[in-house]
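Same chain, two partners: chain A is paired with chain B first, then with chain C.
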Partner chain A sequence: MLRRTFLGAAAMLALTGAASAQEPLKIGLILPMTGPFASTGRQIEAAAKLYMQQNGDTVAGKKIQLIVKDDTGTADVTKRLAQELIVNDKIAVMAGFGLTPLALAPAPLATQAKVPAVVMAAATATITEASPYIVRTSFTLPQATVPMAEWAAQNGIKKVATLVSDYGPGIDAEKAFTSAFTAKGGQVENLRVPLANPDFSPFLQKVADAKPDALFVFVPSGIGAQFMKQFVERGLDKSGIKLIGPGDVTDDDLLNNMGDVALGAITTQHYSAAHDSPENKAFVEAFKKANNGMRPNFMAVGGYDGMHLIYEGLKKTNGQGGQALIDAMKGMSWTSPRGPVSIDPQTRDIVQNIYVRKVERRDGELYNVEFATIPNVKDPVKAAKSN
Partner chain B sequence: MQSDTADNVRAALGRRGRWGWGEVAFWLVAAATLVFLPERHLILNEIAIIGLFALSLDLILGYAGIVSLGHAAFFGLGAYAAGILAKNGIGDPLLGLGVAALAAAILGFVTSFLVLRGSDLTKLMVTLGVALVLGELANQMSWLTGGADGLQGITMGPILGLFEFDIFGTVAYAYSLVVTFVLFVIARRIVVSPYGLSLRSIRDNPLRARAVGIPVNRRLVAVYTLAAAYAGVAGALLAQTTQFVSLDVLAFHRSADVMLVLVIGGVGYLYGGLIGAVFFKVLQDVLSAWTPQYWQFWIGLILVLLVLAGRERLTDRVRALRPRSRRGLATDKARPLPTTTAREV
Partner chain C sequence: MLTILFDGIAYGMLLFVLACGLAVTLGLMNFVNLAHGAFAMAGGYVTAVLMNRYGVPFLLTLPLAFLVPALAGLVLERTLYKQLYTRSHLDQVLFSIGLVFMAVAAVDYAMGSQQQMIRIPTWLQGRVEILGIQVGLYRSFIIAVCGVLVVALQFILTKTRFGSRLRAAVDDPRVARGLGINVSVIFAATFAVGSGLAGLGGALGAEILGLDPTFPLKFMIYFLIVVTVGGTTSITGPFLASLLLGIADVAGKYYVPSLGAFVIYTLMIVVLVLRPQGLFARAR
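Showing the complex of A and B:
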């Protein structure tokens, strides 16, 4: 009977594995669809599906099949799923990757199997260096942070306190901001908050006592609302301390529910749902329509552009994957909903405009409204290395 | 009278120590998957590892009655030990396993003294706390562990200098399966020994066990250390076969998942962890392929139904279908011990 249970399970496995009549081009989309980072996965999946809906599912005469897998935000699962997709499903390209470790775990596989990996979300600068087959359509944290430091220095801010979540990307943001801002003659005090279950109030009290001109904040996109609430509870919104940071804290997905406290926060990032261009208007409208009014955020645009990159790459290679595909992706440029973007042929990282935005109310909803543009920003970490 | 009891105990233990047909079949099927399910070796590898991890939890929970919500501490420590070793150029897998087992055993030994104190609730808190402390240490010591980015650049050497890890996961699965089997056999030997019997009496009634002269604390320290070493090996297997370690090897959900796996399969029964792992992972894989967004809903529903409808463990129903004649025969020879049931091996 033991045997029967086991065989039954095995048969079930075999059934789900065997399903390939004719050979479509397969794209493996690995995302955190459940767990604390589920919103990232949902945004990207929705955007990828929208792209396929708008552009058809045939490229270079071949049918495109999107296989979505949930890695629950756990790196070893990501790696196993990537391996299964490569070995069993023979995917042409993999994509997704919600967090830095989730993108780094399958990197050796991409190299080994020569399967391009399109990073649509994870934002630590070093990711594209982990494999020559990784290309990124999201952003890097220093890319969004350094312009913030420059803007702050130019706009009369002299003393800044930084408050970041204590993990890789947070420390990246802190370092990028601090070095760029002190280089311009500013003064910085660094504070770090634990990543899990953060209580911001003691840190915010310190900030209130230190009375800096501005508070620089980076928290992962889900935590922003909680931070805003405590920011107000401590009365910092009335203290004249400006709130600045990379755009994660005023994530479009959550911004509207934060309420008026978010008004006036100044952030720098590559995408806002309020970006003023015909491409973006069409994108936001179609996205909302397909997803019950959900507003696309920077994750969604990463997924949308990632699919665009894959489609265009496959068109160029006539449906070929592997080395040819990654070569085709290098140097590609197009107009995304976020504005003009291109893939740096050297680093395979995205080059894009960074916008300075301010939270304002428009048509009754809160938006990050862009008021200044820093064009064609490359990832500053890799730019510094190559110089 | 005295020797009569001793004989009875010896006979009962000997009877439990014998391998049943079901068990042989179980391992034969497991070995057969190496040949017959080549596409599924990656997930089977994960199942073997989780099975071993659940087995290790069963040693303390099922056999010694120590509840733990932080068993991932040992799993994670083993994973990091093996990973860091391999990253620094010592890529021999078996050596890595040994080091991981040793590191986890040391941590298990040291923390066992904390766990001995207090009630079940205290134990839950202490084990949880140890895992949290380790998780935060791994996060802070990013020069050693890679922090939130995970440990990069692990390259494993071939096993015994012969078998190179391949992309299909076949060698990885064979390796994990063999290690799990060997450790299972050892655990099986231990739980049918008089030592194992004394553990169960401690679990059933620590006060009485102490009264009859069992050195309760020493026994518990020993089994906790052993279970920690097992968990360390499971973690090392994961690190070596995936060649990557990230902070979530120490995360709370690891400890919770393994508890779930064990409860599904059956506590206090060595196959419980293995069967639970097969059931849980296969269910998860099938459901999440079917609906990547909502599979957790279905898995939750199925688990609730399973517990409500079954009450008894999966393995019990399997057992109920086994021919009764053998069991009857056995009772003729020696009466079963009053407080322990036949299913406890």
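Showing the complex of A and C:
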């Protein structure tokens, strides 16, 4: 009880703090900068800084201050940092959130303090339902997965084995793919791999013996390389089993280091560094230049668009945070490096094109080359609920 | 079926090379060294850095992946571990777990927290069919290397003068000293070799197990299971235990994928209930 009144008071302070003209507008960026998911944090931080560098640090006559905090990929740390940022730093908006549990932990704080939270990475479908102040600029796994199932069904694939890491997003991907693919008359066998087990050999052997037309895979991007190597080591690439999945396994950040084992993998996702548009060319070039040649991945584009959403929202509200800001963000649309995107006013989730891509070698480097587009995909989980 | 057995053996062999150093320090020297995995990680990083930054061929990095952790082990043994031989097991656990966290943080700082990737030479990639069994070349290579190591270790321990001195030093350090055996030199050498073997295991395993700064924590449990199940008084115990665990782990994940992760823990509990001194050790 005491805690609640305390938080309420904190929220009031946060609001009045953000509204006064002399104070800079503070954006709290909470990311895993160390630990196993540090690459997510690095990408998003670099993208957010790039956006500020390109678009200046003044919005609606107020200075923008970016506060980056490291939650090490642990949910209770995220929550503590969010509370500190809201109470002590009086931030106008928080952003970041590398993984699903990290986005869910501070959701009640966002609601109580009426501070908008921009999710730039975490991809479980239900996150935006956790608080009316959450808005997302990354993607949802079902959003990237259902088009994969449809593409597979249209391209002569009848029997698929799925292999996912046994945690929230993995199960999300498995369910979305299985229901979409069986609805089209396909056959699916499900396998789940423990998250902490990098030796895939028994699972891959099971796949080899089942002889499906394609293997659908979702693993967190860090261990994607490990998976690809073992897929090839087991000779599955030569036995005619296609490798398909949402784009996490061929993450742009790591793809080039995987070597030729990744060639030919077919994935669906919302962003590839090889996306052919002037906006993307400029983005990739500037990002590489600012970050020592590091290639932006789907995390970076989520961070970049998240900053764009915050900037444009603040312009619309003339620097006001809270309810006004989240209302301003709803329905906003713009052209991102990934293509045209908008924020669904009902679900506060992003609506975007999903691309079907194949790993190919271009100018000596491996890229996800897009060859088909499914325009304006909404998150299928929430779309199914509202019908 | 046989492919599963083969993969299980390869995995078990790898576990053995990683864990046998721990079996030696824990079993023979009666020292609880939870930092063992840090030496394995060191070996893996030596290989990764040499290959990726300096283009050294994979096979040439392996001796260095043994030597560097062995040297590090020697230095640490002489300066730090030596002080703790006579202390209680709790002190040893706290000390070595502290070392693990320091190693994790240091590697994270120096190398970044991402997975390190090594590219094994092309002649070790892919697989061949032998007698109708699909056999991965790299896994065969691991089995060969580890098989040689097992035989060599067993030979050194049971047939050489050093081996008998070591066993004497362990059984009763005071009497051994009285007989003119330089116990501390023997302990230091053993510790160094154990660390070196862990490093070699880390380098060989980087391809299969992955390599990132949390490696020592991720695999600490596996090492401890090998040592507890195998018993700690010989080399053969942990060796057979590693094989058993490797095969059980791989087969469990193949036949009952939904329970796969639990199989080896169940096995460990069963073994500890039935034979608390370890599966292959004589009762004390």
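Assume the second predicted complex is superposed on the first by the 365 of 387 C-alpha atoms of A that agree within 3 Å, B and C clash if a C-alpha of one lies under 4 Å from a C-alpha of the other, contacts with A are read in each partner's own complex, and residues count from 1 in each chain.
By definition in this document, a contact is a pair of C-beta atoms (placed from the backbone, for glycine too) under 8 Å apart; a residue touches a chain by one contact, two chains touch by 3 or more.
These numbers come from a predicted model, not from an experiment.
Give one of first, second, both or neither to describe whether A:Pro380 is in contact with chain B, with chain C, with both, or with none.
Touch status of A:Pro380: no partner.
What is the contact status of A:Gly321 with respect to chain B (first) and chain C (second): first, second, both, or neither?
After superposing on A, A:Gly321 lies clear of both chain B and chain C.
Quick check for you: in the superposed arrangement, does A:Gly259 touch first (chain B), second (chain C), both or neither?
second
Mind working out whether A:Val68 is in touch with chain B, chain C, both or neither, as first, second, both or neither?
first
After the superposition on A, what does A:Ser201 contact: first (chain B), second (chain C), both or neither?
The second partner, chain C, only.
A:Pro169 in the overlay: touching chain B, chain C, both, or neither? Say first, second, both or neither.
Only chain B is touched by A:Pro169; chain C is not.
In the overlaid three-chain picture, which partner chain does A:Thr34 touch, first (chain B) or second (chain C), both, or neither?
both
Looking at the overlay, does A:Asp76 come into contact with chain B only (first), chain C only (second), both, or neither?
Only chain B is touched by A:Asp76; chain C is not.
Which partner chains sit in contact with A:Gly302 here, chain B, chain C, both or neither? Use first/second/both/neither.
After superposing on A, A:Gly302 lies clear of both chain B and chain C.
Mind telling me which of the two, chain B or chain C, contacts the most residues of chain A?
Larger number of chain A residues touched: B.
Which parts of chain A are touched by chain B and by chain C alike?
34, 38, 194
In the complex, go through chain C and note every residue touching chain A.
3-4, 7, 11, 108, 112-115, 117, 119, 125-127, 134, 136, 138, 207-210, 212, 214, 218, 249-254, 257-258, 260-261
Chain A touches which residues of chain B in the complex?
Within the complex, chain B touches chain A at residues 22-23, 25-26, 28-30, 33, 36-37, 39-40, 42-43, 46, 136, 139, 142, 147-150, 152, 167-169, 238, 242-244, 246-249, 253, 271, 275, 278-279, 282, 285-286, 288-289, 292-293, 295-296, 314, 318, 321-322.
Could you please specify the touching residues of chain A with respect to chain B in the complex?
Listed in rising order, the residues are 1-3, 5-7, 9-10, 12-14, 16-17, 31, 33-34, 38, 41-42, 45, 68-70, 73-76, 79-80, 83-84, 86-88, 100-101, 104-105, 108-109, 112-113, 124, 126, 130, 166-169, 194-195.
For the complex, give me every residue of chain A touching chain C.
Residue positions touching the partner: 34-36, 38-39, 191-192, 194, 196-199, 201-203, 205-206, 208, 222-223, 225-226, 229-230, 232-235, 254, 257-259.
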